[in-house]
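One chain, chain A, links the two complexes that follow: it is found with chain B in the first and with chain C in the second.
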Partner chain A sequence: MATLQGQRVFPKVRIGVPLLALIWLAVTTMPFFFVLLTSLKTQEETFSAPVWALPSSLYFGNYLAVLRGPYLRYFGNSVFVVGVSVLLIVLFSAMAAYVFARMRFKLNKTLFGLVVAGMIVPLHATLVPIYLLTRNLGLYDTQFALLGPYVALSLPISIFILTEFMRHIPKELEEAAQLDGCGPFAVFWKVFLPLSGPGLATVAIYNGIGLWNEFIFAYMLTSTPAHRTLPLAVWDFQGQYSSNIPAMLAVVTMTSLPLIVAYGFGQERVIKGMMAGSLKG
Partner chain B sequence: MASITLTNVEKVYGSNAPVIRNVHLEVGKNEFCVFLGPSGCGKSTLLRMVAGLESITSGELHIDGELMNDVPPAKRGVAMVFQNYALYPHMSVYENMAFGLRQAKMGKASIDSKVRRAAAALQLDQLLERRPAALSGGQRQRVAIGRAIVREPGVFLFDEPLSNLDAALRVQTRTEIARLHREFGNASAIYVTHDQIEAMALADKIVLLQAGTDMNRNGSVAQIGAPLDLYHRPASRFVAGFIGSPKMNFLPGVVKAVDEGGVEIELTTGEIVRARVDGRQTSPGMQVTVGVRPEHMNLADDGRDVQSIRCTVRLVEHMGEHSYVHVEGGHRTPATLIAKLAGDSSLTRGESIRLAVPARACHVFDDRDFALRRLD
Partner chain C sequence: MNIALSAVSARRARISSQWLVIAAFLAPALVLLAVFMLYPLVSSVRLSFVDWNGLGNNAKFTGLTNWINLAHDAVFWQAFGNNVILAVTSVVIELPIALVLAVLLEKAGRGSRILKILYFLPLLMSSVAIGVLFKNVYDPNFGPLNVGLRAMGLDVLAQDWLGDRRFSLASTIAVICWQNVPFYMILFLAGLSSMSPELYEAAVLDGASEWTIFWRIKLPHLQGTVRTAVLLSVLGSLRYFDLIYVMTGGGPENSSELMATYMYRSVFSSFQLGYGSTIGTAMFIIVFAVAMVAMRMTRRYATEV
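And now, the complex of A and B:
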C-alpha cells in the first residue's frame, strides 16, 4: 500500500517542486530582466512602449552616458572601500574567532555572547552616533569614512561564522604545532588561518556582496562624487524634476554585474557560510 | 636520548576526583616504555602531561634530570605521534616533516637532508610533494612518524598510533616502529595503547595503569615491569586479568594448609588444589582467589596422578591453530572456565572431562587481590 501511495504522490512532488522553483526563479529574475531591457531603451521608448516590451533596437547610449560620467570614479571608490573593509573584516574576525574558538579564559563565553549580540543592534539606531563620530574625527566625506562602520557592523556575523568554523579544526593540529615550536600567534598564522580558507572566503564574499550594495552609510557619510560609492551613482541621473530612468538602470546593471560574477564563482561558499550560521542560531 | 622521571604525579580536573594518582616512574635512556590499560585509566593524559599538552596538578616531571613541569612542549625535546596523525592538511608531506625544523630556524640544507633521510627510511621519498589527503592511512601514519623522527628528539611519544589502521597494516607498522626506534638515535619512547599484544610486542617496559577503586586505593600504576614479568608474575588480580587473552580464569577458595612447597586451597567448586606460591602471608581459613590461564590448562590423563577439575563442556570455539573450550566445572558451586586446547580437539557439548591444573600454573591472590609470590 505504501508503495502504491508513494507512486501516486511521487509524480506530484516531482512536477510540483520544480514548478514552484521555476515560479520563484521568475519572481526573482524578472526585475533584473526588466532592468536590463529598460537600460537598452531610449528615454522616449521607455515612456512610449509598454513596460515589458522588448527594445525596438539595442541602444547602448545609456551605458556610454554612464561611462562618460563619474561612474568609473565611483567604481574605484567602491573597490577601495569594499576591498579594504573586507580585508580588515577577514583579518580581525579570524583573529577574534581563533581566540573564541580555541583559547580557554574566564570571560570567553560572555565576550562571545556580547559580540554575537551585536548582530541584533538595528542599523538605523547607529546612524546618528556614527555620523557625529565621523564628523568629529574629520573623516566626513572621505574614502575612509565608510571603513569604520563597514568593518564594525560586519564583525559580529563574521566572527560568529568563523568561530564555528575554527571550532571544527581538530585540536591535535594545534597541539602538533605547539610541539613543533609554535606559540599562539604562529599557531593562528601558520595553521588556523590557512586551514580556514573556505570559511574566510565565505566571510569575504558574504560581506563583499553586502557592502558593495550598501547605500545608507554611503549616502550619509559622503557627499561629493569624488568619494561616493557605486550605489550612489544612480543619484547623478535623478534631477529635481526628471529622472533618466534607462540611464539609472544602466548604472544598476553595471553595478550588479561584478556581484553576479562573484556569486557565480563563490556561490557554494556563500551558502555554506549561511548554513554555518544557521546551525548555531 | 633522554631519561624521564615522574615523581608522585597527579592530575585533577577542576574540583573533580583525580584521574591520575601517585605515579612514580622511570623511563631509562633508549628504553621503549608502553603505557597500557583499559579505557579511562588516564594513559593518554599521562603521556600528554609528559608532552606538556596537559598541566601537572602535583608531582614532578624530569627529563634528563631537568624539571619540566612548566616548560613549554617545544622546549622539552619531545616529539609526538598522534592517534589521528594530526598532519597539516594544507602542507605537502615534505612541508609537514620540515615544519618543526623551520620553526627551530634550522638551515635549509640541513632541513632538506634530514627530511630526505627520514623519508627514505620510511619509504616516503616518492610521496614528498603530495598532500596528506592524497595518502592512505598507513602512509599518513608514516608521515606522522617521519615528522617526529626528523626532529631527532630525546623522547618519542606515541598516542595509540596504530588504532586507526586495519589489522594487517597495524602489524606491519608496529614492526616498523620497533625498527625505527632501534635505528634512529636511540631515543627513549613512551607508547600508549590499550592493545596488550602491541604492548607485549614492543615494550622493554610496560606500565599497566588502572582506574576506579583500584586507582583510588593503590594509585594509578597497577604494575611496572617487562612484558613477561607482567604475564608470569602479575602483582594483582587486575594485572592477571588484564594481561592475557582470553583472560585468566579466577576461582574463589579458602586456604586449607600452608607449607614450604606452597598452599593448599579448597575451591568453592569443591575441588582442592595446590599452588606453588609463598604462603607465609596467609593462614588456613583465609579467603583467596586462584587464577589459572586458559593456555595452562590441559586435558588430564586419567592414568596419571595430576591435579585436575572435573567439568562439563558447554561450548567449543575452533580457531584452527587452537580451540577455546568453555566448560562448567566443580561439583559444589559450578564455575565457568575457558581452556585453550589443541586446534584438533574433538570435544563436544555436554561431554564430561577433567582439566589438569598444574600447581606451578596456579596464581593465588589474597583477600585484597594482591598476588602471592610464586615459587617457580
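And now, the complex of A and C:
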C-alpha cells in the first residue's frame, strides 16, 4: 500500500531515471561507434558519405597502415614501461606499508603523513626539474626515462592503500610465523605478501591503468618512436595523418584496444580495483 | 649479573636490528620519493628565481622578477580563472550526474551489470585518444556534431567549437566531463556499497518513497564520499592538463588556457625554464593551500558531527 502510494506520487522519477540511464549510455557509447565506423571507411568515403552511414564495405586498409607503421614498437614500449613500473610499485609500496602498518618507532606517524601528503603534489610542479634530472642522468629518450617518475609518483597512494590493508591482517599470524623462527623478512615474504593479495591487485590495477594512459611525462621525457609509449602513438600519428581522418581514428582504436580487451577478461576485478583505489584517492 | 648484561645487550641488538629492518624496507620508497618528488619540488622553487633558457650554464639569478612578472601576467590570471571555472563546473556538473548514475546502477541490481561495464569504458582510454576522438567529433565541417545539427535544420547552432574563442573552453570542459563522470560514478558506487541493506529495507517497510530514501538515507550516508569527490575534483581541476593541451593547446588566444598548459608552453615552446618553474611553483602553492583549507574544514566538520 505504502509503496503503491510512492509510485503514484513520483511517476516522473520512475520514467526519468531509466531515461537518464539510456541518455548517458548514448553519450558514452556513441563516440566509440563513431570511431569504429569511420576507421573502417576509406578517406574518400568520409568526405562523400554522411558520418553516421555504415561503411559501404569494410575497409581494413587504415588498420593495416597502422600495423605497418611503428605501432608495435610503441606497444612493446608500453608493456615494458608499465610492466616494470607496476612490479616495482607493488614491491616497494608493500615493503613500506609493512613497516608503517606493523613496526613501532618514533617517526612512524610523521613519515607516513609525509608520504601520504605526496598524493596532492601536482605533477606539473615537478616537470621541469625531472626533465633536467633525466637529461643530466643521460636517460632522456630511453626506455628507462619513465620508470623513476612513474614509480615515485604512484607510491604515495599505493602505500596508503596497502598500509590500510595490512593493518587488518591478524597479529596472530605474524606471531605464529615468528614462533616458527621467521625473521622480519620471512614474515613479510611468507605472511604479509600472500595475505595482501587483493590489496596488491588493487594497487596494480589502479596504477596500471593510469600509467598505461599517462601522457605528459612520456611526451616530455621521450622524443622518438623507438622509446615512446602508446598514448604518444596517437599524438605522433596525429601529426603525420592530420588530413586522413579514418587513419587517425584507426590509431585511436588500436591504442585503446589493449586495455579494453584486458578489461573484457575481468571487468568485475578492474571495476573493484578502481573502486578501492578511487575511495582512497 | 651476567644474565642481566646479556639481556641488555640482546635488547640493544634487537633494537638496532629493528632499525636495520625498518631502514631496509623503507629505503626504496623513500629514496625514490626524495629523488623524484621532494628534490623536484625544492628545485622548482629555486628555478623560479632564475632566468634560464635551459641550455648551457647561463642561468641568471633574478630574484623576485619572475614572481613580479607572474603577478602582472594577464595570461596567467586568465588561466587561473579558467582553472576555477573548470573546478566549479566539475563539481556542479560531473558529480551530480555521477551520483545519479551510481544510485541508479546500485538500485537496478543485476540488470545494471552491462550498463556499468559500458559506462566504465571512457576510463580505459588515454586522454590523447579521447582528445583526438573529440577533435574529430567537433570538426566544423565533417564532425558528427555539426553534421547532426545541420541534419536537424539547426544550422545556426553549428559552430567552430574548438576554434572559436567563445566556445573553446566550454567545448573542452564537456569532454573532460565525459572522461571524468565514470570515475566519480565508481567512487559513489563504492560509497553506496558500504551502506547496510537493513537500513534500506527498514525505510521501505516504513513506507518511504525512493525519493525520500535517496535524500534522507543514501545522501547522508554518502556525505564523506561526496566530500572526497569534491576535494578530488577541485584539486584535479586546478592541476588539469591533458585534454586541453591535446584539443586546443590552450588556444585560441589563450581562451582555454590552464595554468598547466601555460607552464608547459613557457618551458617547452618559449624555453623560459625559470618562468615556467614560477608558474609550476605557483600551482603547487595554490593546490597545497586549497588542500590544507579543505582538510582543516573537513576535520572541523568531522568533530562537530
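Simple rule for what comes next: the second predicted complex is superposed on the first by the 237 of 281 C-alpha atoms of A that agree within 3 Å, B and C clash if a C-alpha of one lies under 4 Å from a C-alpha of the other, contacts with A are read in each partner's own complex, and residues count from 1 in each chain.
To be clear about the criterion, a contact is a pair of C-beta atoms (placed from the backbone, for glycine too) under 8 Å apart; a residue touches a chain by one contact, two chains touch by 3 or more.
Because the structure is predicted, anything quoted here is derived from the model rather than measured.
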Fit or clash - chain C, chain B, common chain A: fit
Touched partner set for A:Leu123, first chain B, second chain C, both or neither: second
First, second, both or neither for A:Val115, with chain B first and chain C second: second
Touch count on chain A, higher of chain B and chain C: C
Which of chain B and chain C A:Gly138 touches, first, second, both or neither: neither
Which of chain B and chain C A:Pro194 touches, first, second, both or neither: first
Chain B versus chain C - smallest C-alpha distance in the overlay, whole Å: 6
Complex contacts: residues of chain C adjacent to chain A: 18-19, 21-22, 25-26, 28-30, 32-33, 35-37, 39-41, 43-44, 47, 54, 97, 100-101, 104, 108, 115-129, 132-134, 136-137, 139, 142-144, 147-148, 151, 178, 181-184, 186-187, 189-191, 193, 204, 206-211, 225, 228, 232, 235, 238-239, 241-242, 245-246, 259-260, 263-264, 267-268, 273, 276-277, 280-281, 283-284, 287-288, 291
Chain B residues touching chain A - in the complex, by the definition given at the top: 51-53, 72-74, 78-80, 82-84, 86-90, 99-100, 103-104, 147, 151
Chain B contact footprint on chain A (complex, rising order): 170, 172-173, 175-182, 186, 190-191, 194-195, 197
Chain C partner contacts - residues on chain A that touch it in the complex: 2-3, 5-6, 9-10, 13, 17-18, 20-21, 24-25, 27-29, 31-32, 34-35, 38, 46-47, 50-52, 88, 91-93, 95-96, 98-99, 103, 105, 111, 115, 118, 120-133, 148-149, 151-153, 155-156, 159, 184-185, 188, 209, 212-216, 220, 230-232, 234-235, 238, 245, 248-249, 251-252, 255-256, 259-260, 263, 267, 270-271, 274-276, 278-279, 281
